[in-house]
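Order as written gives the chain letters A, B, C and D; numbering starts at 1 within each chain.
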Amino acid sequence: MTNFKKGISRRRLIKTGLAGVLATGVSPYIFSRSAFAQEFCNAPTGDTVTLGFNVPLTGAYADEGADELRAFELAVEHLNGEGDGGMIPHFSSDALTGNGILGKRVAYVTGDTQTQSDAARDSARRMIERDGALMISGGSSSGVAIAVQGLCQEMGVIFMAALTHSNDTTGKDRRRYGFRHFFNAYQSGIGLGPQLGDAYGTDRRAYHLTADYTWGWTQEESMIAATEALGWETAETVRTPVGAGDFSQYITPVLNSGADVLILNHYGFDGVNSLTQAVQFGLKDRQANGKNFQIVLPLVSDLMAAGAGNAMQGVFGTSNWYWSQQDEGSKAFTNSFGAKYGRPPSQAAHTSYVQTLLYADAAERAGTFYPPEVIRALEDYEFDGLGNGPTLYRGADHQCFKDVFVVQGKENPSNEFDLLEVVSTASRDNVTYAPDFFEGELGPYDPAMC
Amino acid sequence: MEAIFAQLLNGLDKGGAYALIALGLTLVFGTLGVVNFAHGALFMLGAFCAVAFRELITYEIVTTDPEQLSPWGSPLEIRTPIAQQYLGDWGAVIIDYSVPLSILLAIPVMLIIGIVMERGLIKHFYNRPHAEQILVTFGLAIVLQELVKTFFGPNPIPQPMPSTFRGAADVGSWLGLTPGAVTYPWWRLVYFLFSIGILSAVFAFLRFTTFGMVVRAGMADRETVRLLGIDIDRRFTLMFGLAAVVAGLAGVMYTPLLPPNYHLGMEFLVLSFVVVVVGGMGSLPGAVAAGFLLGILQSFASMTAIKNLIPGIDQIIIYLLAVVILLVRPRGLMGRRGVMES
Amino acid sequence: MKDEFVADSAAADRSAAFFSVRDVHAYYGESYIVQGISFEIRKGEILALLGRNGAGKTSTLRTIARTGTPQLKSGEIWIEGKPVHQMKPHEASRTGIQLVPEDRRIIQGLTVEENLALAQVAPGHGWPLERIYEHFPRLAERRRQDGVTLSGGEQQMLAIARALARDIKLLLLDEPYEGLAPVIVQEIEGILNAIKPLGITTIIVEQNAVAALRLSDRAVILDTGEVAFTGSAKEVLDNADLRHEYLAI
Amino acid sequence: MNVLRLPRQDVILFAVFAIVVLTMPIWLTPFGAAYPGLMQKFAIFAIFAVGFNILFGLTGYLSFGHAAFLGVGSYTAVWSFKLFTMDAIPALIFAVLMSGVFALGIGFVSLRRSGIYFAILTLAFAQMSYNLAYSVLTPITNGETALQLTNNDPRVIDMMFMERTAGLPSPSIFGQPLGGIGGFYLCAVLLLVAFFIAQKVFASPFGMMLRAIKSNQTRMSYTGFNTRPYALTAFVISGMYAGLAGGLLAVTDPLAGAERMEWTASGEVVLMTILGGVGTLVGPVIGAWLIKYLENIFSAFNEGMLHATFSWLPDGVEDIVVAVTSKFVGEGWHLTLGLVFVLIVVFLPGGIMEGVRRIRSAVANRRDNRRTRFSTSAAE
């Protein structure tokens, strides 16, 4: 390690309220920085601790990103003891007291990932190097999440992934410094399989349209495995670029492919567009092989359902969480989110909120911000009350294990947000797999110096 | 066979959009000699005319009822759309047909935008190098799209098509094929016919009116037209407005097919430039032919059989064709001598 | 000879002249082409503008028509008391100045009739189409044809006819015989002779100086962008030295 | 050493430039830009723009596809890390060579046309590279996910000397790690080298020849002189600059994404060059710094900071001022960029450097005027 590496990265000014245009950087730190030694990257020295929220505000997943940001803001409020406390009173751990984290007030900075790995890493670096963020959260694209997770490992900053559903995030690309609360594509397949079998029978031919990146690939793989286990055939798998907008040229070939189910491994606006366009092409009213043609959207959120409108009716998918859940934690979160923003939270918002709380809780329980200790506090941690029932943060791959909800688009929504209903639940035991099911290596605990 | 036919159909609507954008681009280029990188932004602005129109007519009076709570804990909102309140059933019909009706808004708005753009900025660049024209219009395109982002946000805003046109037409059965073998969404059919209509109107205008004759003459030889006493600049301003209207209408009607976002123009711009170059700089029939050709080729390239033959061809077909055409026929399919060659 | 011209023009009353060019300087980009030319024309006169290749004849015509290239840097151009030097090309055309360029500039994609009709879009109409067709029956035959498909002679006819379709006060003819077969040259010469009695003031630039001079009343000879001689057409025809020095004939 | 000799004023320029670049961590501090991530970008994009200017500024060929070479450089560097060694030097050499090869191929074809046709050809090639990198070339590029290091990369050379560690290695130079400020100094030194080479090119007969291409393409081809080899050389050189920049992006952050090749990225380097001043040595560097600064700093402003800035205004006025200015910062910084850019092209076609020149000559004129006035009054 050279002294160079410590760099000039500790900027505290932005969040101290001094911040004016010039104050972004008016600081004599360059001369004083070497004076204090720091035991790990961005160790908080003042009375605040800064978290970095890196979400897509543009691109195919911008809707999700905006909702994640709302949830992060809410979580920060609750951690600082403002508002009604949301899920904190219902959380099985009582380490959080509304007194910030370890007595330090929580501040935050945000960045736009643009749904691109490059831009996401840039903005994460800015938050770590310039703004001194101690933890990064966000996602909404597994490509982005994996890229940022890698960066965080290098810089020794904990990454609490928000919405990322690829198997790889905690599979082959798992990292010691990365944690995922959200479920994954494999679990979606396990959850969705039996439901599809019940509804559509065992003699089906499926046509896959797949977003061409890590999430799409793993979801396609998981869905093929789940449907072929039912006895279905796979007619064709076609990769589509992320953010394609117009999917008509990919949908037309479905018409004469001999398939009778279309599986859309798309998310966000891509999912909305491909689903509505598929419906425009009359796929839902179609007969194929003597059966009614069906469309499946394996990962679905209420934001997508809102975007797709009528097209979503009757379509099956899975969800990490849905706001009409009736457990106390979910109700409290929905109420406090609804009161603040006038709309119910999406699953993206939920996982972002929960991840922020879990990080804060782990730091409290560890009694330090020192990342290896926080990591150990999260590993193999069993908790409850955060909306998904009893949940395990498995130490071997940093994946959460909890129930998976199978949802269906409502035929007659009672209001503009009541679009999905939970039709079945795959139990945590069912969706749990062996840690080495996906090969991967977490890497060292030792903190790198950013 | 049916698959091929289905892909052919599928190329038509996109081809129509390309043709309309390329037509306006060529008009501006041919008459004013300006390479307009902001032309895609005009398409996008047209699309947002539809968005604005819909927001206008679906404007709701929101009152909250503190007595009741919504399921997510906020006070219950009671929304009353103004159009429906005052116009009753007619309001509902207007809302249903908001996309085609927004043409009425788009025509004057786009005409004004076009004229202001030409008078305010473009006209100062007639005698500047093409590189500078590209740059200033590129900058203008950024400004326009960012303004739209400021007002409408970064996310796509879906525009529903009129309910009559939802679903797909069984085109196959019209042609005696197996029913259901070739279906094509009604709105895409509408879009194709609409683009044919606009294209015919523009060509008829150019062919049969004096104004059109002057414009055609101006595209071929600006100097001579001026020497015959015609104040061509004034007409060109109007021409620019017309090109903006064509691009805008193409955008309005495209909204149900692709929810518009502020970035839409840039996505179409690159493609339409390729279309113009393939068609031949300054050739109107070339632009139209190339528009449909590329739309259809792009659609064919997505066929599984072809993709298996040449992996990735669906991603690059347009650019590949542009390169080949430029190398083999530097003036494009129907380009003339002397355009963009000085 | 220069002195003679200076004395001559200085004596002339500006307002009395139908058309005058005063100390005009014009540039193509950096190159200085028209280097201070002055002359004037009385109404109804035909003036031959002569000189070797590159003497600045075409540039002078283009400057008068205000085409923009070459660029007029200084000097004045007056027609019937109107300041042409302050005008844009279409304004100049509306004063009655009409250039028939060397390459005819028949507009591609327009029919013969449209080429003629184009001349009557702007204010200042000359001959109606019927009269043009009477005088040019060959154009009448080909009225539906694309203008550029005509032969060279026919294109020249069309160009002249197009000028006549405007309310013409000053006709600028640039190399009307250029590139035409001798038979056709005769035909065009016939046309020009036929319109001569109409009394249209004309400046004619022509390589074939003798042919031009046969048509003209007066002549101006240019040399490297400046006026080298002004006088009657007959003087030039008679003065072999002059012809030899400036026209190489 | 003749190769290293430069005219006197160029030596001064280089010295000043070197000082400015190397002291960035100090003078950027008041601007809030002195963090390694941004300073690295400053140096890297300056290299990109300086290289682009060798093509566009000297020959006038406007390439709208230069980002393709940047992307190729990045991918090559990351592959060098994955296959051979984490050392930056081979990665950069491979990056420069590979993008040079690409530039040779693309330039050879594209330079058959000029003007806008050339621009469209380069654009088409770049978009093809981008779309392919995104889709079928996924085994090489890892598509949307972006090419990254993994634990089981072969790294054959490194493996000969050391054991595989538990975590991911990071790029280094002679064993010195390159994170943070060290990475900046590597980029800065390479920027100086790149700048020096550009100075040499500008001053050389070859540079003269390129300028001649710009000023009169047709006349040169009339005289039977074949300009294409010269233009192609310039194209390849600027492609290699782009490759170096791309390689450095990978060195400072070992990841390569396809979006680096998208046409908007190509547009960005054009903006940088124009903004600073086409055909000048320093202009593109200033343009690159300005745009990257705006992007990183301007875009990070939020309403809270604006409120703090304008808090001295009366309440109602403050809200309005904040509401208006917030459209131009943060999310809206592109609007500022677009406006600045349009204004520059309209009023200062020569970019910022032309502005500097005009101000300088205005000042000089004023001084002259004053001197003349003084001397005339003295004469009286």
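Keep this in mind: contacts are C-beta pairs under 8 Å (C-beta built on N, C-alpha and C of every residue); 3 or more make two chains touch, one makes a residue touch a chain.
To keep track of the chains, here are their UniProt names: A = Leucine-binding protein domain-containing protein; B, D = Branched-chain amino acid ABC transporter permease.
In this text, all values refer to a predicted model and were calculated from it rather than measured experimentally.
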Result of counting contacting C-beta pairs for B-C and B-D, higher pair:
B-D
Calculate how many whole Å lie between the centre of subunit A and the centre of subunit C, each centre taken as the average of the chain's C-alpha atoms.
78
As a quick test, compute the distance in whole Å between the mean CA positions of subunit C and subunit D.
54
Find the geometric centre of each of subunit B and subunit D from their Cα atoms only, then give the gap between the two centres in Å, rounded to an integer.
34
Length of the line joining the C-alpha centres of subunit B and subunit C, rounded to whole Å:
47
Which subunit D residues touch at least two other chains?
131, 134-135, 331
Among subunit A residues, those touching two or more other chains are 57, 241
Can you name every chain pair that touches?
A-B, A-D, B-C, B-D
Can you list the subunit A residues touching subunit B in their complex?
57-58, 62-63, 66, 236, 238, 241, 245-246, 248-250, 252-253, 255-257, 269, 272-273, 276-277, 280-282, 285-287, 307, 309, 323-324, 334-339, 341-345, 415, 417-418
Quick one: which bits of subunit A touch subunit D in the complex? Just the residue numbers, please.
1-2, 4-9, 11, 14, 17-27, 29-30, 57, 109-112, 116-119, 121-122, 125-126, 129-130, 141-143, 146-147, 150-151, 153-155, 172-173, 176, 211-214, 239, 241-242, 441, 443-444, 446, 448, 450
Of all residues in subunit D, which touch subunit A in the complex?
25-26, 28-38, 41, 131, 134-135, 138, 143-146, 148-151, 165-168, 170, 176-177, 179-182, 185, 253, 255, 257, 259-260, 296-297, 299-302, 304-305, 308-309, 331
Along subunit B, where are the residues that touch subunit D in the complex?
35, 121, 124, 128, 130-132, 134-136, 138-143, 146-147, 149-150, 154, 266, 270, 273-274, 277, 281, 311-312, 315-316, 319-320, 322-323, 326-327, 330, 340-341
For the subunit B and subunit A complex, residues of the former touching the latter
2-3, 6-7, 9-10, 13-14, 70-74, 77, 154-156, 158, 160, 166-168, 180-185, 187-188, 257-259, 263, 267, 298-299, 302-304, 314-315
